[in-house]
Structure formats: structure tokens, C-alpha cells
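Since the structure comes first, as C-alpha cells, the remarks are kept for the end.
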Amino acid sequence: MAETAHCSHDRAFLPGTIIANPVIYEAKGEGAVSVLKVSWDGPESKPGQFFMLRLVRSGVLLGRPISVLDHQKGILSFLVAERGAGSRELVQGRPGETIELAGPLGNTWPSMPDSTGASASGPGSAVTKPLALVGGGIGIAPLLFLSKIMDSADFRFFAGFRSRPYGLESLPSQNLTVATEDGSAGHRGRIPDFFNPAEYRAVYACGPAPMLRRIAEDCAKAAVPCFISLEERMACGVGACLGCTVRTKQGNRRCCADGPIFPAEEVLFDD
Amino acid sequence: MAETAHCSHDRAFLPGTIIANPVIYEAKGEGAVSVLKVSWDGPESKPGQFFMLRLVRSGVLLGRPISVLDHQKGILSFLVAERGAGSRELVQGRPGETIELAGPLGNTWPSMPDSTGASASGPGSAVTKPLALVGGGIGIAPLLFLSKIMDSADFRFFAGFRSRPYGLESLPSQNLTVATEDGSAGHRGRIPDFFNPAEYRAVYACGPAPMLRRIAEDCAKAAVPCFISLEERMACGVGACLGCTVRTKQGNRRCCADGPIFPAEEVLFDD
Amino acid sequence: MTEAHQSARDQTTSTQTSQAPDLSVRIAGLVLKNPVIAASGTFGYGREYEGLIDVSRLGGICTKGLTLYPREGNRGRRLHETPSGLMNSIGLENPGIPAFIEKELPAMLGLGPAVIANLSGSTVEEYQEGARLLGATGIDMIELNISCPNVKAGGMAFGLCPADASSVVRAVRKVSSKPLMVKLSPNAPDLAGVAQACVDAGADALSLVNTFKALAFDIRRRRPVFDHVTAGLSGPAIKPIALRMVWDVCAAVQVPVVGMGGIAIAEDALEFFMAGAAAIQVGTATFPRPSAMIEIIEGLERFMKTEGIGQLSELSLQGKY
Amino acid sequence: MTEAHQSARDQTTSTQTSQAPDLSVRIAGLVLKNPVIAASGTFGYGREYEGLIDVSRLGGICTKGLTLYPREGNRGRRLHETPSGLMNSIGLENPGIPAFIEKELPAMLGLGPAVIANLSGSTVEEYQEGARLLGATGIDMIELNISCPNVKAGGMAFGLCPADASSVVRAVRKVSSKPLMVKLSPNAPDLAGVAQACVDAGADALSLVNTFKALAFDIRRRRPVFDHVTAGLSGPAIKPIALRMVWDVCAAVQVPVVGMGGIAIAEDALEFFMAGAAAIQVGTATFPRPSAMIEIIEGLERFMKTEGIGQLSELSLQGKY
């Protein structure tokens, strides 16, 4: 079984400046989604990692964990969905404003065995199969970052949304399957309904817990390796407060420092 | 003695939108000063009145009292100096942001007896004398608003600053006397040194407490009516919390609801 | 009692329609048209906020703390903002009960919301005499303040131990048939004990919390910010502790409890109803947002509608944890 | 003791130059190079923040609360943000003292700052055995945690009344010659009494405050946010109350007091020194701004320079009000 990759402590707490933050999605009864771009002088990020973000002029106490959408030449991008007060602020941050960032934090998607690789080859898996990247809603962000550094022949991207899709522009359309719950684009329904794990050498997924649970089950049945990126409330983001516990078969793990990416088979889902 | 004018309860608590907020002054070791312009649908203001201002995305609890600099056609202007966290936020508010305003609050400068008026004519006062409007630093704001609705022949404006002056563009230069403590513009020194109350039929002043005290004393000696606009910490701004007490010869007065403008002779200055 | 109260009282007997949820609550025999009350000391005598909000929509208004004799209040700084909190040291400035009755009360009774007189004193006798005077007026309820941390004599002193609390409540109960609510101090070492003592002494209802004893220094001037050194902390900062105390007191006594401490939005109020409160008060939150109470009323209404709740009391989780 | 401590100790004897103010403080015989200590439970075992800040610059680091036996901590939600505050219900998750000594301590001793072991237990015997094990290591001080509100057995229970506090402090004192600091609970009804009892039982120093017992409800799910119902409140929200308690305890006892509760910037720390604290701890403020403690150290240095202060203890206003 492939191990999730733990990275060195090359990280920093530094202010950055917002250079753009356009809202790309808005729907009644849901929060807005924006693409937050920040110029930042810290070290490079890897797909799957996240930052703790907080505007200097903020009405909340803690930073909020947000996955890296892209990181190139000193520009960090994030896909931010408004949920509560903290994420709303991030969506409303304006160009020119100062934002403080701690990161990059957490582990990355496991090293991806190519067609000659061995680490993903379990019983019955064909080494020439592509990877499946499965994102639900805002959960597409850490997978989009991964897709950008992969050979497009080597993955298929599945993206599920409640309604209208967003953020998928960077993906070649032949690689992409979209599903929406209201049928407003792509397939009507949920991603797990349109997706057979057996066709992939491994599945990487991020999104709402029920989706991850279903995918983990489907992958287990098909004996396909599955890695999921989990969300927990976080205070420190660095493993110091023990607030973001993920229960696993090996005992408690810290979502921020031991994750956020875990082998699905090890995770004990709550109730 | 002229009474300070108490206005009707034509006021509102409504959100507004920042339409501009340029910084017009910046100096090392001092806070910045900006001209905050807000589009607002509430009732008209009178010179001397103030608003309680708070950005919707704010890191402080309470609104901050800020005098009206101008109010025309639904556009409210304020001159805001950065002192602590609350005023810093106001200086940093960006166009497009939502800000909540309660007001207009407080009383106004007393009705100004013109050359035929009687209310300011005390012993020895000549009714043809102009009014003196005396502002120290950011204290010029409520006097600038007053100057805009007055006949320029009827007042002289005295403005004192620590260093470089700001905000005086609307004043006809023949009406204006400037003093700076470092001599960088106008007279070197403090306004009370360049100003003889006896030449005016009344003095209206706003600025740092030591300046107001000195002017009050000078006016008392010259038997010239003097009205001063006072600053106290405020929570409600409407007379409900009793937090902004001004001690007067008649007992406690509420700076927000009974003031902020008081006849100088009635005020008991602290220690 | 004003007509507004009368009509609120009538409403409670009408059946609840899905259109307008029934927000009325009954506390110590008094029916409020909704459970949102302006907290003492933060809403003057009810008219200060006119023009900014529709004051008539509130369930009730507590007056600024009243004493038999006029008080000047404290000297020096009276307010200090802290992170999500406000410290105050007003010191019960008020014109005295006779002047209140003459100058403020008539207009206040015409506003619509229930009028709750917040009563303080330095001695049991002063409390008693104040209650006697107020009892002869049209006020709807007395809120006995045994919890003001900002005066030297009396106030909080009575609220710190069960025996003292008992003596003042008993004395006031003797001379007044008005609904009697006792306001508790979060600084009491044995809060549940004080609560029970007040009930045993005749309190019809309890309200809590008053402000927390707190301290701030002025580091430039190297002295305490306040002349009295300590002052009372209120506002959203204290909400999680206040909520815990309301939960504890609701578990300890059988009378209605009016909860407060940092309530700023409808969600905060809902938490207090879940803790077992029968009504809530809003103080500090009105300062930055005069419309806070109106929005809370509307938010409660919306919540009851969407969640299909007939009475807010259904929300209480007392006894379940 | 590490070399860094040794050199800090040497510094205190050197004369103070106007260039670099002397921030060193002596607590229970231990000299810290500066008075800024990472609070227990917020800084892991000292290495978690490496890369984000220069950990070696801190005066000291308190470990996460340690117990003799490993603990899994609490189930369910563990964190909840409130206005300027943080509620936590971690429940003393830790690998147990033997595993701590083997796996975490060696690296921790090499970091530079003084190492303070935060010790908890369910029984007096467990505390005692833990102290015995820690006493045989290179740690610089034991911080006896009798104030954790998030565990069912032990923890806060010992900190709530003077007699219980006394018994556990006395037991630990008997088996350990390490400098002994006792961490007090703000939830104790008689805080000064508990403080004095700890000193009488042999505490060399006191630290306070631990978190305030608080409550939050999840209004969507209609249940408490935390499985244990209540949880501990920390962060800037509590600062004004914590400061008052530190002031009260400094007035009550003669040993050094380490103050904490909501300290986020140098000005906050200065307020605690004015209250009489000998050193301070920073917890929650590190989460949003990992550099908070470094900036506090620099801010204290700047303040001492501009105001011409030789020792932070000069700031204390104890006895003056």
C-alpha cells in the first residue's frame, strides 16, 4: 500500500497581498465561491497541502484551513467557498489587502505510480490503468492542483456539484466527468453513481464526508487503493493542539499534521 | 448666552457603501488620515453632528464616533484619523465595502447670530465681528462642515497641526490661519498663540483637550462666548449607556446626547 | 399595564398559525409579546434609541439601574473596549426613583414593551423603600439587581452569598406584589446556591448574567483604566461562560430564567433557549447594532417557522444531558 | 539543563545595558532568558511550530498535559470558535509519561527554551508517580495541572477547593525536588484560598488561568457542540477576567505568579506584568499568529527600552491600589 507522502518542514508564516479574488460562483441559499490569488514569498507547495489563512483585518479569531489550488512563481491560488463567518471573510477579501498565511502544511497525495510503478499494484490491479481524481464541490481544489502537474493521459477527473459546476477550466474536457444533483450540467446525480473504481489503479478523493465514505466503500469492494483528504475543525494546523483528530484503525491521527490525506481503509468514519 | 441647538430625532441606523476613502495625510509615528465618503440613504446632518461608524467586516466590537465633514445628496463625508484599532479599520475601508452608520447624532453648533443678531452680544462684544472657528488636527472636521454653509465674510478659520496641514482645500485662503508645531507650514507654534478671542463675536472650537482648555480660558478672560466640541469614549452614542459623561457645573452631561458641543464655561475639565 | 401588553396577553390564548409563530412567553405571570428584552443600563429609559429602531416591537425594556436616592455614578473613565467585550464602570448613575417615576416612567409606559424596573440599593432598607415606590406605579416587573460590580456599597455584595441574597429578596418580596425577578452575579462563588436562595425567598424569576468582574490597565499611564480598578465585562466575549451559567441555574431552580450575556444574533438567543431560558436580554450588542434586538426577534420567528416549533420552550435541552 | 538556560542564567548577573534590556526572570530558582512561555496544550512538545518560528527564542515551553498512562482524549468535536475565544475539549490526549520521556523529551531538551512538564492525573497517586518519573529527567520545572476542565476524573476537581489542591501539591512536593508550579483553575469558587493552600503545601510558583468552563450548543443538530457538554474557553475574550484573577492571586500570595489568559500582543503581556505577574504564558494567540510570542518578546524589549525599565518587575502595581 502506498504511503501518503510527508514533506519536510519547509514552510513559513508570512503576510501576503491579495492580488485578485473574483467570485466565480453564486447561487441562492448557498455561499459564493471565489478564486483567491495571493502574492506570497514563502516556500513552494505540493498538491494536497493546505494553508491556514487569515485576513489581517478580520472579525474571526482563527485562521481557516484552505487547500492549495495552485502555486506558481510566488502566486498562491485558492478556491474558497463561503460557509460561515471565516470563509465569508476570505471570499470578501479585496485586492491590496494583507492576508497572513501559515504553510504549506500537511501531507501530499501519495507518489503516483506510473505504468511501471509497483506501489499501487495490489491484487487484481492493472498497472496501466489511470488514476481517478474525484472531487465533490469545493473538494475539487486539491485535486485540480494535482491534475495540473500530471500527464493528462494518466488521470480521469470526476467532479460533482449540487448545481452549476465551477473551477474546472484548467481540465481537458476529455478527462472530465461532471455530475450535478439538479442535472443542470453533466450527469444528473452523484459522482459515485457514475464511477467504477475498478477501472482505475487508485482513487484520490476530496469532498463531503458522505461522498468520501461511499467512495471508500466502493474502492474497498473493488480492492482499489483509495486516498481521501479529510476536513476537521483546526486551530493550529501544525499538530500542536490535538483538536483535529481523525480516528483510524491505528488510533488517533491529527488531520493537519498526519493528514489531511489518509488511506481510506484506515479511517474510522463517525457513527 | 446662546444655547447649543438640539435637533429632532430624525436619524437612522442603516448600512451604507464606501465610495472612496483616499489617504490624504501620512507621517512617521502618526496615524494616517483619510477622507471617507459613504453613500447613505438616511436623513440629513447638521454641522457638529456625528455618526457611529462600523465596518460590517470588523475586528472591533463598537462603532466609532466620527464627526460629519460634509453631507450632500446622499453622500456623507468624514475625515478619519488613525489612532487605534477602530479608527485604523475605518481608514482602511475600501470602496465597495459595506459600513453601518447610526446617525446623525448629537447637537449642532449654536445658531450663529449674524451682524443683527442678539444672542452673542454680551458686554463689550461688537455685533459685526466674525466668528472664529478653531480646529486642532482632526478636530477641524465639524468646523469645516460649518464653514461650508456659512458666508465666508462671517468667519475666520484657525487650524493647528503637529506637522503638515491637511483637509483645508475647501477654505478660501483669506479666511484661513494655519499653525504647525514644527513650522512646516503657516505659523510655527500653537493656534492659541496666534489668535485673539476679543476680535470675534464667538469662538467655536474642536481639537485636543489641552487646546480646548486654553481657548476656553482665553475666551473667558476676554468675555467672548465659546463653544467646544468634546470627545469621550462612547458605546451607544445615543444617551443610553451613560458611558460618555462630561462633568459640567450643572452636573453630569452625556457627551453624545447632550453634546458633543458644550458652552465652554460650563465644562469642568478633569484634573 | 399598557394596551400593548394586554393585547400580547390575549395573543397567547389564540391558536398558533403557521403564518406567524407565537413568540409570546409568560414570566412570573407577565406575558411578553416576545422574549427579547433590552438589558438594564444599555437602553436608558427606553426612548434613547427612538428613531434608530422601532422600540415598540421589543418584548420588554429594563430601565437603567435605579436607586432610591439619585447617584452621580463613577468618576474617571467609564468604558473600555476589549476583544469582543466591553468593560464598564458607570456606577449606577441615575436620578433616583422618585424622579424616575415622575419624569421617565410615564413616557416609558407608553412605548409598548413591558416595563421592567431594575432596582438597586446600598442597604436592605433602601431596596425595600425603592420597591415600595415602584410597586405603586404601572411598571410590569421589578428586576432586583444584586449583582452590580461597579458600586462600593451594596449591589454585587448582596449577590455573592446565598444568605445576603435571601435577606434582600425576602425584604422586597414583603413590600411588593409586582412580579419579582432577581438578577444574579456571575461572580458569585456558589451561583446555584444563590439562585436557590432567591427562589426560596420569593423570587418569581431569575435573570443572569450581570457583568463579570474584570480588570484593565492603561499601559501608557501605568495605572488601572478605571478609578475603581475593576469593572464589569459584557458582550460577545462572555457568551460561552454566561450560557454555561444559565444552563447550571436552569438545572438548579424551577422558576423561569431570563438569560443574557453576549447575545448578539438570533443563533446566540437560540442557544440560551436550548439552555433552558424562558426569555433573553440583549445589552452590549445593541451599541454597535441598534437593530440587533429586532433582528433577533425576526430570526427567532424564522427559525420557529422553518423548524416547525410551536413554543420556544420546546427547544430546552434541560434534563437531557 | 540545556546550555541555553545556563547562558540565560549567566546573563542575569551581567549589568543591564541600554542596548539590550534584560528580559530574564527567575521563577522558583529557574532563570528564563525571557518571560514568554508557550502554554500547555497549545504548543505540542515544542517542535510542531518549527519552520514557522524560531522556537529557540522562547523563554520556556510547557508540554501538552501529561498523565502517567496514555490517554486517547475525548470523542466528538474538540474545538469551537466563539467571538475572540476558543472552546476546546481535547481531554488530555497524550502518550503517557514514559513514552513522553522516551520519544519527545530528548528533542525538546535540545530546543533551547526551558522545558516545563505539565502534569495531570486522576488520583493523587497517579500525580505522584508521574512526578517521580519526570523528576528523574532533565525537565526544568513541573507545572501541576489541577485545573483541566475537560476530563471527568481528576484535573479540575483538584483545583476547585483548597483542601484537595493542598493534598495533591503536598504529595507531589514530597517526591520531587524539581521547581514546582501549580496551575490554577479560574472556575474555583475561592481562587485566593486555593492559591494560598497550594503555596502552603509547597508550591514554588503558581500559574493561572486555565480555561473557563463554558458551553455551546449546535443549533442545527439541537445538541451540545461537545460530547462532554461543557468545554474550556480560552483566548482574547477571557483576558480582562484572567487579568483580574492574576491581580487577586498576586495580592494573596508571596510566590511568583505566571499569568496567562488571552495574551496576544505585547500590550496584553504588559498588563499582566502590571498586575504583578513574574512571567506570562501564551496559548490560543499562537494559533492564528504563530509569531505572536516572538513579537511579544520584541515588544517587551522595545517597551523597556523606550520607558527605561530595567526589570519587568518594576511594572507591578501590586500594593498601590
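Per-chain numbering from 1; labels A, B, C and D assigned in written order.
Operating definition for what follows: contacts are C-beta pairs under 8 Å (C-beta built on N, C-alpha and C of every residue); 3 or more make two chains touch, one makes a residue touch a chain.
In this text the structure is predicted, and so the values were computed from the model without any measurement.
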> Where each step is a move between two chains that touch, what is the least number of such steps from chain A to chain C?
Replying inline: 2
> Which chain's centre, taken as the mean of its Cα atoms, is farthest from the centre of chain C?
Replying inline: A
> Roughly how far is chain C from chain D, going centre to centre by Cα mean, in whole Å?
Replying inline: 36
> Cα centroid separation between chain B and chain D, in whole Å?
Replying inline: 48
> CA centre of chain A versus CA centre of chain B: separation in Å?
Replying inline: 53
> So which stretches of chain A touch two or more other chains?
Replying inline: none
> By residue number and range, which residues of chain D touch two or more other chains?
Replying inline: 82-85, 235-236
> What topology does the chain contact graph adopt: line, ring, star, complete, or other?
Replying inline: ring
>> How do the chains pair up in terms of touching? List each pair.
In response: A-B, A-D, B-C, C-D
> Which of the residues in chain B come into contact with chain A in the complex?
Replying inline: 57-59, 89, 92, 94, 96-97
> Hey, which residues of chain D end up touching chain A in the complex?
Replying inline: 41-44, 48-53, 64, 72-73, 77-86, 88, 90, 93, 235-236, 284, 286-291
> If you look only at chain C, which of its residues touch chain D in the complex?
Replying inline: 82-85, 87, 189-190, 212-217, 219, 222-224, 229-230, 233, 235-241, 243-244, 247, 262, 264, 267, 270-271, 274-275, 303, 315, 317, 321
> Inside the complex, what are the residues of chain B that reach chain C?
Replying inline: 9-13, 52, 54, 60-63, 86, 100, 102, 233-245, 247, 251-252, 257
